[in-house]
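Both complexes below contain subunit A, partnered by subunit B and then by subunit C.
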Partner chain A sequence: MGSRSSLLLRDEEIEEIRRTTGFSHNQIIRLYHRFNSLDKSNNGFLSREDFLRIPELAINPLGDRIIHAFFGETHDSTLNFKQYVKVLATFRPVKDGSDNRLNSREEKLKFAFKMYDVDHNDKISREELLLVLQMMVGANISEEQLGCIADRTIQEADNDNDGLISFEEFQKAMERTDVEQKMSIRFLH
Partner chain B sequence: MDDHLLLVIIGLLLVPLISLYSMVIIPAMFGLEIGVRRLYVKILVHIFEWGKQRIALASKQSGEEIVTSNGTVVTAQELIQRDKPNNVTEGFAGDSNNSIEKLKHSFELSDICYFARTGVESIIDDEVTKRFDAEELPSWNLLTRTNQNYQFLSIRLTVLWSLGFIIRYCILLPFRVTLTIIGILWCMVVYSIIGYLPAGKLKRTIYWHISLMTQRILGRCLSAVVNYHNREYRAEGGGICVANHTSPIDTVILGGDNCYAMIGQEQGGFFGMMQRAFSRAESHIWFDRAEMKDRKAVSMRMKSHAEDPLKLPILIFPEGTCINNTSVMMFKKGCFEINATIYPVAIKYDPRFGDAFWNSSKFSLLEYLILMFTSWALVCDVWYLPPMTKKDDESAVEFANRVKSAIAKQGGLLDLVWDGQLKRQQVKSTFKEKQQADYSKLLKAE
Partner chain C sequence: GHAQGRYPIADINWHHVETPYMISLWVLFASYAKIAFHLTDKLAKIFPESCLLIILGIIVGIVIYFAAHDVMLDYTLDSDTFFLFLLPPIVLEAGYFMPNRSFFDNIGTILLYAVVGTLFNVFCIGTSLYGIVALGWVSVPMDLLDCLVFSSLISAVDPVAVLAVFEEVHVNESLFILVFGESLLNDAVTVVLYRMFKQFAAMGADNILPVDCVVGVTSFLIIGIGGTLIGIVWGLLTGFVTKFTDHVRVIEPLFVFVMSYLSYLTAEIFGFSGIMAIVFCGIIMKKYVEANISQKSHTTVKYFMKMLTSISETIIFMFLGLSAVRDDHVWDSAFVLCTLFFCLFYRAIGVIILTALANKFRAIKVNKVEQFIMAYGGLRGAIAFSLVILLEEPTKVMAQRKSLFLTTCLIVIFFTVFVQGMTVKPLVDKLKVKKSHKHKPSMGEKIFTRLIDHAMAGIEDVIGSHGHNYWRDKWEEIDRKYLQPLLMREKPEAKDSQILQVYTNLNIKDAMEYVKSAGSFNVQ
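What follows is the complex of A and B.
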């Protein structure tokens, strides 16, 4: 009862999403149910508030940054189902032989980069890094200490000495990180 | 002559109706069972089983992947598999079980991955918000309330569903509504009469029996089939009975087997009238709005009530809100502070016959009752657990958690630390601060 109208997802749409994201038919249907239960206003879009209503996300020190990374691309304040699934597809595990681009190492790194890139200029500045660090540690580490951490981190990654971390430099800094594992979620079939 | 015929016809129609109602009400009054409801429930199980097979068949034909290899329908399955670390340290340690000392490191850009992954996982599937939505069923029960994607799978199923619809709305609904009206009228009248009796043992005994009768009649209005386990642990006077909370119907279910003192806020209108009738018959605890906010006053009155073994045990739902019967959420510590004996009770409804959960942000009480009246039945298990008391070295919160775990374990429910009030309120920032503190401990000073 109630939200029957919002439960319509045409077969062609599912098929299209399946092709672009690599999610199975069944996974898409279940993601759609989740999307609808998050969509409290029942208008087919998610707003930032819909995300913040998830307590586990609201208490995540970087919850705001994650939401930002979701909305980053759309440049407006709502997210439709296709956009939502597309971002989630980034977190599909990387398997040999799967030809999907959305869940590549590069896309996973892009998501992480976006979380640091507060002003969308494709560069991480000292201020941006400091801001994110503050979110992660709260009041537990002094500003001075965090400043040192930020300086050291930028210095280590900044190859062209412009005092900023570009996406290429970010990729290089994360070279030895097992991003494929750390940024993958085990989706069930 | 015509009038006469009409009277005869009405008379003939009334006889089966009256005997039907008395067949329901009279056994209910004495707690007897003829076995009709249990037979009815058995038949339903068979029909659902058949429907499930039809769905499996139909979805195979249309080539959808709803059915897994072992033939079960998987929509109720979890979407993702999550490790659920208790804190950030465990999350960073992963499978390695490294100690906090070993995990200590200088900040790296890649530290963000952990927060990103857990955050996105919570977007896909979180512990809390899904507890406030109707539980998803593993198979369709021919009600439209859950699993809405199972419609129009086959003609036979649609016919079956329509038949079920007619039975539920044209037979069960009117029958149950009239029964409820009879039950409530009965209770108002009888409770008012008890109110005039002089206080004492006689009044208490009569109240005891009348209350059981009333709640049982109300239970029949919902075709309640309740299995009470371990009845030797039923709450006694001078104690507090705590239970997990799914719906206002919980009180009817529990009240059909034992008498409780109710506690709550004074209401106006119809409910206020009921409350006053209740109060005249027995001592219940009603607070006015201002008093309710004064925690000390609340606990004083609870304490003085609980200390009197002649008074009925107080019934409390310490979650403070209805949860969808898949989990138990945080218990408010109030009733665990006053050193009374706690009688825990676990209530688990069988969701196949109708979802007992009252989603109060979606349905008004009346809408909810109509949904209940048009559900198949209300089948549930009630487990009485051995009474518990607070240990000397235990805080009220620890005690509350111990009771909660016991209830969750017995009822097969998930034991959650989250506060059920999150349904309406924002999460407290202390949870976030805890994560920040935990993460900070993993960072080496520079």
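What follows is the complex of A and C.
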């Protein structure tokens, strides 16, 4: 992709994105406009700074982690449109029948899991959990108290007693939660 | 005569205590009935409790009818008793224990069903009934406005009946909240249409100007919003008052009941929707009240509320049965059967059309099976009956018309409560409707869910469209910054008090279990 390609999306590209993500033509166009308006440097890529410029995201207690999960395991510092749409496809509502793999329950949970797992070792450690708790609950609560909460959480979820929460254990802990509903967004046409 | 005798040791003073005595007897009798039904599992499995109570009411009615015919009319459900004493506890409980999250996540759809759906039903049923009147199928004379008065009271889904039946069914939370939320919020529309058509009918069709219709139809906005605002104000006030009760713990539960009741009455003074007022009062106050009052007061509030609700519900259904036994029934097969058919038919049509519309805007669609349960769960109840009772009957024709409406209304209520109420549970099983998994969240679940909430609000910011995650986030911020410091005694230290709350609750539960298991210690 050249630097000018950010202005227009070719039909074949839309078609390909449509097939891989399950978004409709109009949804892709709409997301593309959004992508371009976020892309302040206009080079066809989004950087972490571009995300941080979104005002609400900047004040979201987990804003950093959301961005982290967006960039996933790619150690690149930028995201192109296809990668961007692919992440967003995770949050497409689950419909009976017409599913592609990207928006399955498992993929949705993986996104949440990635928000904890900073070191990409596919386990949530006590420290990783504690960090997220601090972001959500705030600094006024003593570390000791948060530590108790983290310990309790791990103790509940940790089936193999390694002191870590694996993705399988994470899935098990969320067994009774309606993840399909909670992690779905209506994308405008 | 008056013999100037000795000071009497005992005297029979029946009239002095008659009213409270009869009320107490009723409550006692209804409670015995409730116990009796739960002694046998078999009955309760086939019939919802509400059906059994109606049957019992009918039996009592028949007994009174033959034993003491002249007092019969003293013991029917009168609409003041219903609207002022029996209904408020039920709707307060509904609001107080409302699953807020799913209520507000689905508020758009609920409002669509409650407002547009009710309007649709009223006009379709009303005009269709007028159609059969015009065809000459009905023996009692009536015009279009009479039909509309009747359809406005028969169209509304009844929160009491819906709760009574659906509490035992355990359908999934979003389906439950759709039916139940509709039944609560349609009150504004019902009240407006009922009053408007009654007024129009009294004025006579020729004297109605177009402006009356416009004013009438738009006034449901004022009545609904007015009720809601009054409820919110009283709810916030209650939260504020409980901030100062830490030295007088014994009166804490009182504030919850008296202030929410006042919200209902205040709304009724202005002719606003009392139901909406008390529901929103309950929704708003809960969080702050629970943070301020003691654990024991909290338990008292909870059990007192549940008890009041249960007894009100019991009395209402028994009264409905009892009130069906009377002299002045007017039966008209065509009218009764057509009303029943139109109620079912337009309910189904309305749900199908409105769901198609709502699904365009919903992330999670309401599927076919759920639509069926929604249409089928549109139970009619005591509100309709109480509104019929309120109809005036200055002339003989009007009295006859009222009697016909009353008979028809009872048939519709009994049909929806018995046939639909009894079959909805097996249907839910047969159609494999998703059931709810009610459980206390574990620590991990709560933390992970809160993380997901923040994540979804973040994703909505990224794609730049504001859905309910965005609005929930905004509300929580306002709540944390302005409302909590104002309404809670202890300033919340944590940004996310929910997580701490769950942790505390789990610890209390563990401690209780530990104490219980240690309870068999030999005291030395």
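The rule we apply is simple: the second predicted complex is superposed on the first by the 184 of 189 C-alpha atoms of A that agree within 3 Å, B and C clash if a C-alpha of one lies under 4 Å from a C-alpha of the other, contacts with A are read in each partner's own complex, and residues count from 1 in each chain.
To be clear about the criterion, contacts are C-beta pairs under 8 Å (C-beta built on N, C-alpha and C of every residue); 3 or more make two chains touch, one makes a residue touch a chain.
This is a predicted model, so every value here is computed, not measured.
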Joint occupancy of subunit A by subunit B and subunit C, clash or fit: clash
Subunit B versus subunit C as contact partner of A:26, first or second or both or neither: first
Contacts of A:95 with subunit B and subunit C, given as first, second, both or neither: second
Which of subunit B and subunit C A:53 touches, first, second, both or neither: first
Subunit B versus subunit C as contact partner of A:185, first or second or both or neither: both
Clash-bearing segment of subunit B relative to subunit C, given 92-100, 182-190 or 398-406: 92-100
Common interface positions of subunit A, toward subunit B and toward subunit C: 31, 34, 37-38, 51, 54, 56-57, 60-63, 65-66, 69-70, 88, 91, 111-112, 115-116, 132-133, 136-138, 140-141, 145, 148-149, 152-153, 157, 165, 170, 173-174, 177, 179, 182-188
List of subunit C residues in touch with subunit A within their complex: 174, 361-365, 367, 437, 439, 442-445, 447-465, 467, 469-470, 473, 493-496, 499-500, 503, 506
Touching residues (chain side subunit A, partner subunit B) in the complex: 1-2, 4, 7, 24-27, 29-31, 33-34, 37-38, 51-63, 65-66, 69-70, 87-88, 91, 111-112, 115-116, 132-133, 135-141, 145, 148-149, 152-153, 157, 165, 170, 173-174, 177, 179, 182-189
Residue ranges of subunit A in contact with subunit C within the complex: 31, 34, 37-38, 51, 54, 56-57, 60-63, 65-66, 69-70, 88, 91, 93, 95-96, 111-112, 115-116, 129, 132-133, 136-138, 140-141, 145, 148-149, 152-153, 156-157, 165, 170, 173-174, 176-177, 179-188
Residue ranges of subunit B touching subunit A (in the complex, touch as defined): 64-66, 74-75, 77-82, 106-130, 133, 136, 144-145, 148-149, 362, 418, 422, 426-427, 429, 431-433, 435-437, 439-441, 443, 445-446
